[in-house]
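Below you'll find a set of structures to go through.
Two complexes follow with subunit A in common, the first pairing it with subunit B and the second with subunit C.
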Partner chain A sequence: MLSGTTAPVSGPRAERTARRGRTHRWAARWSPYAYLAPFFVFFAAFGLFPLLYTGWASLHRVELTAPTDMEWVGLRNYSRLLTDEFFWNALRNTVTIGLMSTVPQLLMALGIAHLLHHRLRGSTFFRVVALTPYATSVAAATLVFVLLFGRDFGLVNWALGLAGADPVDWQNGRWTSQFAVSTIVIWRWTGYNALIYLAALQAVPGELYESAALDGASRWRQFAHVTVPSLRPTILFTCVVSTIGATQLFGEPLLFNGSAGATGGSDHQFQTLGLYLYEQGWVNLHLGRASAIAWAMFLILLLAGAVVALAGAYRRRTG
Partner chain B sequence: MRQRARAGVLTYAALIVLTVVSLFPLVWTAVAASGSNGRLARTPPPLWFGDDLPENLAAAWTDAAMGTALLNTTIVAGTVAAGTVLFSTLAGFAFAKLRFRFKDLLLLLVVGTMMVPPQLSVVPLFMLVAELSWTDRLQSVVLPALVSGFGVFFMRQYLVTALPTELVEAARVDGASGPRVMWHVVFPAARPAMAVLAMLTFVMSWNDFFWPIIALTQSNPTVQVALTGLGRGYIPDQSVIMAGALLGTLPLLLVFVVFGRRIVGGIMQGAVKG
Partner chain C sequence: MRALFRGFRGRALLVAAVVALTAAPAAGCGPGGGDPAGRTVLTVGLFGSFGYEEAGLYDAYTRLHPDVVIKQTSIQRNENYYPQLLTHLVSDSGLADVQAVEAINIAEVTATQADRLEDLGRAPGVRRADFLPWKWRQATTRDGRTVGLGTDIGPQAVCYRKDLFARAGLPTDRDAVGRLWAGDWRRYLGTGKRYRDRAPAGTSFVDSASGVLSAITGGSARRYYDEDGTVVYKSNPAVREAWDIAAAFATEGLTARLQQFTPSWDQAYANGTFATVSCPAWMLGYIEDKAGPAAEDVWDVAAAPRPANWGGSFLVVPKSGRHRAEAARLAAWLTAPAQQARLFERRGSFPSASAAHALPAVAGARHPYFGDAPIGRIFTRAARGVPVTILGPKDLVIAQNLADVGMLQVDQRGRRPEDGWDAAVRTIDNALDL
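Here is the complex of A and B:
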């Protein structure tokens, strides 16, 4: 860019400089796109194209046994979902498990972040420990929790027995199974969110607390009037990420069921939308219907996002 | 900065509870993997290690193909981490330091890619893999994972402040070509963030679940696919299942023991800037 304004020098040297200047201008103009190309080429091939093609496939009857054999059915896959009790059941379960796993998780994460924000001995140790569940895969974690929540020989029921309670058939009850599945999610993700809150806490300017303390604000009022408002963007961020994660819940309910396939329990009591999609596509072999479920999930997520955005705008307007 | 409150006894007590809750399921995996299957059907359940760990690990290694799975997952996660870091650094540098048309729009698109659930792409990806006869081939799980909107954004946020714009301009004026600028100016400045992104991507790829379950079968599994096979009654012996879970988790725990501080730092750094 700078070489474009060379001083007038004559002779072959000037010509070389000018040529180099042209090459540079050309490079400066186009090289940014070259740096972006790998990302966008891969995204187009493995992100955008599949996204759109899922929409196209959802308008067809496609079976897994012959994926290239597509028969146009219009919106029939969607209209069938509207009257499909298993779809509504899966949607309900996704919402309830999502709430049961996200709300306690984020509240506990805030508490843990508060603890970790103290001046501590071994603070690195506690932070790494809080993050170890995140290093455990969905599969490994769920396999252990299935045993811990076992009806006859599980550790949880044994501990309940010591406390004088009757054993619980975790897997077969609707609420108990959803509680157990939520526990796995909470165990894996609380520490991760705590670290994100901790980072935000450390970024709150100390002067805010000092002036609040000068004004005579108590510890609790400082928390309510300084900490929470400062953390609001971070809290919103973690809510969005956790909600997206909750709508996709798949591995935990798949493996919590053990050998019984992708039904999410004998009575579908913990079948989520992600699991129902998998069952339709890869157990019942209806890829077209699976695509319709995928797009329905996406639309529900967009709708939820729009509601949150509108609520935020309304709150800002009314102050 | 305000002096942060010194932790009292109650804080330490709460943190010790946190430590126990965080580690207990992992420790108990080892406890369950170290005994016989019958030991798990007793009351009270085992709370201490038994003597059968080597046999159970060996059984998981051969019967559940954990050996193949660990090798496959190392290849997949390593390739995905390397590719993601390279592509993210290139694009992150362009977004951080170069001027071009549609820059803001393209950056918004990158952030938007993070919101797209993986469920929306599995059906066409499955058709593609079937068409190319890539079922059970590792490239079917590597190639779709090389795109990371998070990675691009993470590198951009780092390079905006870590790489002085004058340094790039100076290298340009000296006549350095694009690749030379990348190699001698951008990569050295980006190295700490590249390392953190590599570790985060490795962990995520190691634990990737939904698509590998669909694309791969038990004949050439990744760790997660093999564990799913175990969980679905492939092997009835619970202590061998736990040994498999232990084998599949240990490598990542090792990574955490060695690099834990930097991974924690990376997550917290991404949080503030994101």
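Here is the complex of A and C:
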């Protein structure tokens, strides 16, 4: 910030200087907002407005066949969620698939980052490989996984057969289908998270490792006592991002159904909240009910965030 | 990033980016006027593969009307196409000049979107007498406006593999095969049991229980709704009977436990793991694609136990289009008997224009891939016996959940038929509740 350049001089010249100074100060003060304005304009149009409008729609009975005919129903779309077996089923599935995909994914990412960080032959090659799944489209990847996990002619069952095991009907079991969907998520996101960890690792001073090595710490102890503590903020970041991603999981379970609709399997065994929202809004055409599910998902995320924040505060106070 | 927006060039770039972002969608959605040569551009929005382009109908039309250019967009599955069509209709934007509507959605479109669609019943070149009366009525509102013109209908046959039938000791001649189950779906079940007892290893009699369910329900006049528009599928004996027969295929172990129109179904065609499938006329092309050249002359077509209809489509013209008169003229021409006959000849979509049924291109049609089966004769006879099904706005939701939730549980998860039925009913109740 440039200011305070005005000397105690009088006369028209000083007046002009003062005015220029004021203009300058005004510009310096407000120009950052002007630079940010495009983002806020777009955010208001494509982020905030839909968010608020969805909230408004969730208080109405409104159908996709006539979105302007809105009938006020108050909180009924929310209260019915409490007794909606399909909503709770979807919530359970979202949590279990979220855990089954996020936990191994982040652990593996951490391990891969640790390996890539140390000198490895062809590390650039491995870094590119790690990012390839992330660059693949969900649709293409999932279609391949559908074939891999096929019951009759799938590669996974073929391999199981070689090992002497019976074929598995991946899609129809609750756990097998959720495992398969989680595999797709893990495959897509592990490399991405590994590169984030790798970036953070490279900011860790090498002396820490050197001194740890001098003290006779093994690779594993270096990982546990140097790597993990230095990465704590990054780990928190990836946890938050993965949790949001897991809550909104949609494309993988939709396409894992072999493009046979949004039911998430005949028993809704892998129907996530995102998929149930889609089914209510665009198959059953109930936009009001779908909006309520969207807001419920948002509130669940806020709730999870609040729990984490409280736990952190509690630990800081007691620890 | 900061460097990008610093200085004049940065600002110019930013302005350009904003302009591009806001202008590009507008340009993309803008109503197409004319092309540089001043011709009228008509857009046609379809799902699946209608085959208009492949059958050369667009070329023929633009030869008749050199001032017109036709552009087609297509979305593969109706499940994705239909919500998009509804969204475009209610927001009056992004619509093509001519749009297709699947038969299972036509009742909802006619009941809720008629105000946004042209009355094609009065369009020049449209002759009501050309069409099957029930097809015409399905797209006609209570106050007598016909908002959709029928393209094709889906009279059903049973497609079967001659090689598997021979190895199971069953007849292979299409008339003899038809006689095995003529008149009753239970005789089809009985044939399935005969097949099972001598089935070639690794094969099943039929692809899926859900396919049997769709085929049987397509043969009753009253299905999910009654004449007053009340949902009656739960108490309708015809639906329960169809359910019981289809479920028996699953519990007797006669199915390959597949789900139709999924990758595993396609693979099963290529690998030849089931011997029969209920096939509406429009499915012949699909089977040919998936079973491939290796199965040429292996598949054949026999008459279904009872006449039934599955699917078929309509063309509608949205009122928001810029070239409504030209669009209506195109829709009328595409659905006229001569063009429907040509489409059947080239693509196997069976005409909804009854005036086309007697044309030699239809009546005498044979399908080379299916052992030169006289598909014209088979499907014309089936179409004649099809009852006029009462349609309702939520037919799709009911049919889909009966098949993909209830019957699929019985078939693939080994649930008891009663449990599968209850699961389907719970899902449908939840879906129909506003």
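In this text, the second predicted complex is superposed on the first by the 275 of 319 C-alpha atoms of A that agree within 3 Å, B and C clash if a C-alpha of one lies under 4 Å from a C-alpha of the other, contacts with A are read in each partner's own complex, and residues count from 1 in each chain.
Just so we're on the same page, a contact is a pair of C-beta atoms (placed from the backbone, for glycine too) under 8 Å apart; a residue touches a chain by one contact, two chains touch by 3 or more.
The structure presented is a predicted model; accordingly, all values stated were derived computationally and were not measured.
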{"item": "Contacts of A:38 with subunit B and subunit C, given as first, second, both or neither", "value": "both"}
{"item": "Partner chain(s) touched by A:218 [first = subunit B, second = subunit C, both, neither]", "value": "neither"}
{"item": "More subunit A residues in contact - subunit B or subunit C", "value": "B"}
{"item": "Touched partner set for A:79, first subunit B, second subunit C, both or neither", "value": "neither"}
{"item": "First, second, both or neither for A:169, with subunit B first and subunit C second", "value": "second"}
{"item": "Contacts of A:286 with subunit B and subunit C, given as first, second, both or neither", "value": "second"}
{"item": "Touched partner set for A:237, first subunit B, second subunit C, both or neither", "value": "first"}
{"item": "Touching partner for A:206 - first (subunit B), second (subunit C), both, neither", "value": "first"}
{"item": "Which of subunit B and subunit C A:151 touches, first, second, both or neither", "value": "second"}
{"item": "Interface residues of subunit A shared between complexes with subunit B and subunit C", "value": "35, 38, 42, 67-68, 143, 146-147, 152-153, 258-259, 282"}
{"item": "Residue ranges of subunit C in contact with subunit A within the complex", "value": "5, 14, 18, 21, 77, 79, 83, 86-87, 90-91, 108, 112-113, 257, 259, 261-264, 267-268, 271, 273, 397, 400-401, 404-406, 408-409, 412-413, 423, 426-427, 430-432, 434"}
{"item": "Residue numbers on subunit A that touch subunit C, as the complex places them", "value": "35, 38, 42, 61, 63-68, 84-86, 143, 146-147, 150-153, 169, 171-172, 257-261, 263, 266-268, 279, 282-286"}
{"item": "Residue ranges of subunit A in contact with subunit B within the complex", "value": "1-3, 20, 24, 27-29, 31-36, 38-40, 42-43, 46-47, 49-51, 53-54, 57, 67-68, 112, 115-121, 124, 126-148, 152-155, 158, 187, 191-192, 195-196, 198-200, 202-203, 206-207, 209-210, 234, 237, 244, 247-248, 250-251, 254-255, 258-259, 274, 277-278, 281-282, 287, 290-291, 293-295, 297-298, 301"}
{"item": "Residues on subunit B engaged by subunit A in the complex (per definition of touch)", "value": "1-7, 11-12, 14-15, 18-19, 21-23, 25-26, 28-29, 32, 40-45, 86-88, 90-91, 93-95, 98-100, 103, 106, 110, 113, 115-128, 130-131, 143-144, 146-147, 149, 152, 169, 172-173, 175, 177-178, 203, 206-207, 209-210, 213-214, 223-224, 227-228, 230-233, 238, 241-242, 245-246, 248-249, 252-253, 255-256, 260-261, 263-264, 267-269, 271-272, 274"}
